[in-house]
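You will see two complexes here that share chain A, one where it goes with chain B and one where it goes with chain C.
And now, the complex of A and B:
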């Protein structure tokens, strides 16, 4: 470790240090609000480090370091910034909810921050061992968070998440070791060279098996079909802020590493896995949308919706061959990054609106939201807006995201995939709009207004405005995502 | 002993572990089966690091460049990291299993189905 390595890792070190600080502070203070405040304001440190690194990467290009295990480039920094934004909104929006954790509020924030450390690291890793360590650093705190309420449902969610996460890790590791055995190295760059020299389709049977096993392991993290069994139960049982965090940040980090591994290490055999991901994409969105239609619990509904959205985002991954009219490729991955940003804002808005609306009733059933349009007009409007964005209707971020993803599919000669995606979006309107109908049309005996705290209102405003902004002005973020995915593509 | 023997051992261990995960009802036994799968991966990693790295390296380690030795050790380092993380995973797993036992008095995974419909 040199001083330069420490500099490259500064955002992660700051995040982990902040987590430790939060736990210590929780020990010595009785004012629990202070702990959340420090956790939130402390995020400024990793944010500043990330921005400084962005400035340097902008001038000098990617910065590899730490024994070649990771590289700080725009792709990694994009995900660091997304994760930091998500963590900030999650901490802000949990302000009311954490009172249910009684004595353990500091630990809640610390676990969120430790998990975020893993996610920010994950996007920068270029070596299999480091990828595995970062992945576990991401998911172990999430399993603890899922079981945080320690009641029957929450512990059930934690157990299911942990066991299936460990199982997927085992599959992933077996895949990694097979690829390592073939290539003789765990560096993604070396693996790419070895696969290119292999000559055979997919390099060798070892790489084929390794690639499929790795896709399975990462597929678990992004809630892709057929590794989606854990999603509904964990989403329903986990504390709602944890569900919100899990649905956006964990998915973003999973896609980051999926893009890095498949675009960099297995670029030579891209046509083979492109077809694989196209099929999985269709299955994910269709299964997610069909099962979501029958749900009566709103958290479960959003769980199936997240499976469907994993399918939409996989369209961008499958569209590796997409080229823009000016000849540059990268439309697919850039669409993935944009959609992850848009989805983060949308889903956070939806989940925190649900937290605010269900805080009084304590039930997550859709029928419990009846008449909320009158009882909490602003929060209901945000929820309705977020659901419209999940369908993909303008002027929302979800519409722009889907537009770019399906556009990439068309440019990659996968028109059928774009058509399936659009049909699925139309079908999904049925169950999203059902929630909106309950909000505004159904009536409820109680007319009591539902009040929300300033912090939750702020979190809702930030994510809601994010959805609107990305829907009206997608340009700035698209410029960033297009610059970020350049590192994944072969130098022109 | 050839690489094939080790690969076979690894594949058998992995399959036995996977079978255990799918059939065992006790959550602790499921966790143990997953540990078995990790062990299978460790066997494969160490075997690869002994056999599959460039053959020249095995002749005389003293004459090879430093970077190459690092490459030979990668598989063994991989196994060490897997063992460490698996221990952390087991610790958290047992903690959650205790929490499950306290809230419902059983660790049978088929009984942990409150949300299944």
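And now, the complex of A and C:
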């Protein structure tokens, strides 16, 4: 480790340090509100480091380091910033929820921050072992968080997440071993060279099996069919802020590493991966949407919605061949990044609105939301707006995201995939709008107003405005994503 | 020199006023807060000042002020950008729009004083003004379209302002739908332009930006492309400007509050169509077909609408047909190649037509009715209203030396100049319409202000007045309207008197060069004053006034006798050539409801619904079939993951090679 390496790792070090600080602070102070405040404000440190690094990368290009195990480039920094933004909103929005636990508040924030450290690393790694370790660093705190309520359902959720996460890690490791055996290196760059020299369509069955196994391991993270079984149970049982966090940050990190591995290391066989992702994309969205239709619990509904959205985002991976008009950047991966940003804003808005609405009723059933349009007009409006964005209707971020992804599919000569995506979006309107109908049309005996705290309102405002902003002015974020994914393309 | 920020402010101020009223004043200060009126007047007043600066800055500039475009959307190389096109046409329109709007807002302070929806009214008015400004300053055709539709929306809101009255709701719907027919043409023109982006004409040009379109029209655009685009744009203009056959919404739009009518007729909505055609004039110019169409539609509308104005009893309907007819004049002027003259006529028309409507509003403020049959003798009780109305009427009739005379004269002159048969034809149409115009407007003057008072609202609804005193009916109190209304009318009367000559004099006039307005707007060949035409048209106008005086003043011959002689013609006119009946009964009820709608209904029920039901059934049951797998057993999940993985691997091994 040289000083330069520390510099490159500064955001992660700051995040982990912040987590430690929060735990210590929790020990010595009785004012628990302070803990959350420090956790939130402390995010400024990793944010500043990331921005400084962005400035440097902007001038000098990618900065490899730490024995070649990771690289700081725009792609990694994009995900760092997304994760940091998500963590900030999650901490802000959890304020009410967390105050329910008399103890362990510091631990709650610390676990979120540790997991975030893993996610930021995951986007930057270029070496298989580091990928594995980062993934574990991401997952283990999440399992603890899922079990945080310590009641029956929450414990079950945590245990399921831990077990299945272990299974998927095993698959991932197995895949890595096979790839290493073929390529003789764990560096993604070396693997790419070895695959390129292979000659055969898949190099060797080892690369095929290794790739598929790794896809399965990552597929678990992003809730891709058929590795999505854990999602509904864990989402339902886990504390809702954790569910929100899981549904956006964990998914974003999973896609980051998936893009990196499959575009950089296994790029030479890209066309074949394209077919795999196309098929899994269609299955994910179809299964997610079909099962979501029958749900009566709003958290389970959003769990299946997450699976469906994993399907939409996979369209971008399938559209590996699509390029921007000037050919300098990939439409598919750029669409993936954009959609992840849009989806993060949308899902956070939806989840935190649900937290605010259900905190009074104490039930996650959709019917419990009846009449909320009158009892909490602003929060209900944000929820309705977020659901509209999930369907993909303008002027929302969700619409723009789908537009770019499906556009990428068309450019990659996969019109059928775009059509399936659009049909799925239409079908999904059925269950999202059902929630909106309950909010506004169904009536409820209670007329009591539902109040929300300032922090939650702020979290809702940030994410809601994000959805609107990206829906109206997608340009700035697109410029960033197009710049970020340039590192994924072969230097042509 | 106007800065770009100031130019944007002209649009943003009324928009800000709208937002402020809608989001702050109405929710927090209640629906009758006076503040909303002041905010509106202040913002439009400042916008008017900036418009004057804009006019001052464009003087002496041949070309548009070249501000940059601002990128809005860019998808795969197709750029949609927004910007301001500040040229003389824009500047003149801005002054007319914000100026007339300002006066109308001030007048509304009095007119709407006791209305329940006071704040709502001013919010809509601000939006209406902002939308119109948005059209005028737009530099991209997409930008125009956005505000074009906003004008449609706000006119819908304002015409249906008293939405609890079925007639108002129906009129609002009618205005929205009929103009929408034209808008389809406009939209098609935009899409057609978009498709032209790879043609040589748009090499290096953006097909959505007005300067580029006009350049392309002057050069490489094919005749067909120019004609198609021009006709599409004209379709949109026909809808908004109430040109035959899409004029039917305008008389019904009277159901809105009277100041709204005056704004719609003078400065905002109907002017949008004329402006649009003038804006794209270079495109029309290269297509003889388009020019002929515009001239013929305009000329026909001028005479056609005037005939219907002859027999209407509702004073606002008389004025509405008059507007349609005058818009016909403007279109005609564009069609014979004189867009500057058209805008000149739009300019003068804005003042006297606005004044006529405000006068009608003042009259109904006193009598409670709009029906001419129940007015009469009002000049004694409302002398100021009478004088201002008379000035506006003379101006509309085109009597020397009022504002309307000068612009109407130039319209006639531009048509006369042309050597094409079409031009001669439309000249005679417009010339006959001069007579009709003078007759119908003075018919209204004599019926409303001369003779004896015929009872107002209480005579119109005797039964309601009997049963509950005057309770259900607007009380009749024959007195002048409040100062805030009269003051506005006086200001407009001055403009209706002098604006024509002062703005566009024959010879140099105290610092104002001859014909500066039209040459400023791009009319370079001089329209030399033709004494013959001016004299003839004035004589014809005076004849019309004289006939109206004979029939409705002296009652020799009495209107009833004349009506009997022209019985069938009168019935035809009273029924508006049965066009409304044709549209509503035949097209809407018979063809659409019974034919198209029934067919679609059958298709929807029997084919679509069956299919959707089937799809829903399939989805539900697929969901049900998958659901048991979600047993909650973590072992099952592990097995599914493993089996899924094997399936993927197997698929690769079988199909992958």
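By definition in this document, the second predicted complex is superposed on the first by the 487 of 492 C-alpha atoms of A that agree within 3 Å, B and C clash if a C-alpha of one lies under 4 Å from a C-alpha of the other, contacts with A are read in each partner's own complex, and residues count from 1 in each chain.
Just so it is clear, contacts are C-beta pairs under 8 Å (C-beta built on N, C-alpha and C of every residue); 3 or more make two chains touch, one makes a residue touch a chain.
Remember, predicted model here, so these are calculated numbers, not experimental data.
In the superposition on chain A, contact of A:158 is made with chain B only, not with chain C. Touch criterion not met for A:477: it reaches neither chain B nor chain C. With both structures placed on the common chain, the touch criterion links A:185 to chain B but leaves chain C unconnected.
When the two complexes are overlaid on their common chain A, residue A:209 makes contact with chain C while staying clear of chain B.
Shared-chain residue A:140: touches chain B; no touch with chain C. Legend: residue contacts after superposition of the two complexes on their common chain; A:287 is shown touching chain C, with no touch to chain B. In the superposition on chain A, contact is made by A:150 with chain B only, not with chain C. Touch criterion met: A:272 reaches chain C, while chain B stays clear of it. Once the two complexes are laid over each other on the shared chain, residue contacts for A:407 go to chain C alone; chain B is not touched.
Across the two superposed structures, the residue set of chain A contacted by chain B and also by chain C is 156, 159-160, 163, 167, 232-233. Interface of chain A with chain B (complex): residues 128-129, 132-133, 136, 140, 143-144, 147, 150-153, 155-160, 162-163, 166-167, 169-170, 173-174, 176-178, 180-182, 184-186, 232-233, 236-237, 300. On chain B, the positions that touch chain A within their shared complex are 14, 17, 21, 27, 30-31, 34, 37-38, 40-41, 44-45, 48, 52-54, 71, 74-75, 77-78, 81-82, 85, 88-89, 92-93, 95-97, 99-100, 102-104, 109, 112-116.
Only residues 71, 73-77, 619-620, 622-624, 626-627, 629-630, 632, 634, 636-638, 640-641, 643-645, 647-649, 651-653, 656-657 of chain C touch chain A when the two sit together in their complex.
Chain A makes touch with chain C in their complex at residues 156, 159-160, 163-164, 167-168, 171, 201-202, 205, 208-209, 212-213, 215-216, 220, 225-227, 229-230, 232-233, 272, 276, 279-280, 287, 290-291, 293-294, 324-325, 403, 407, 427, 474-475.
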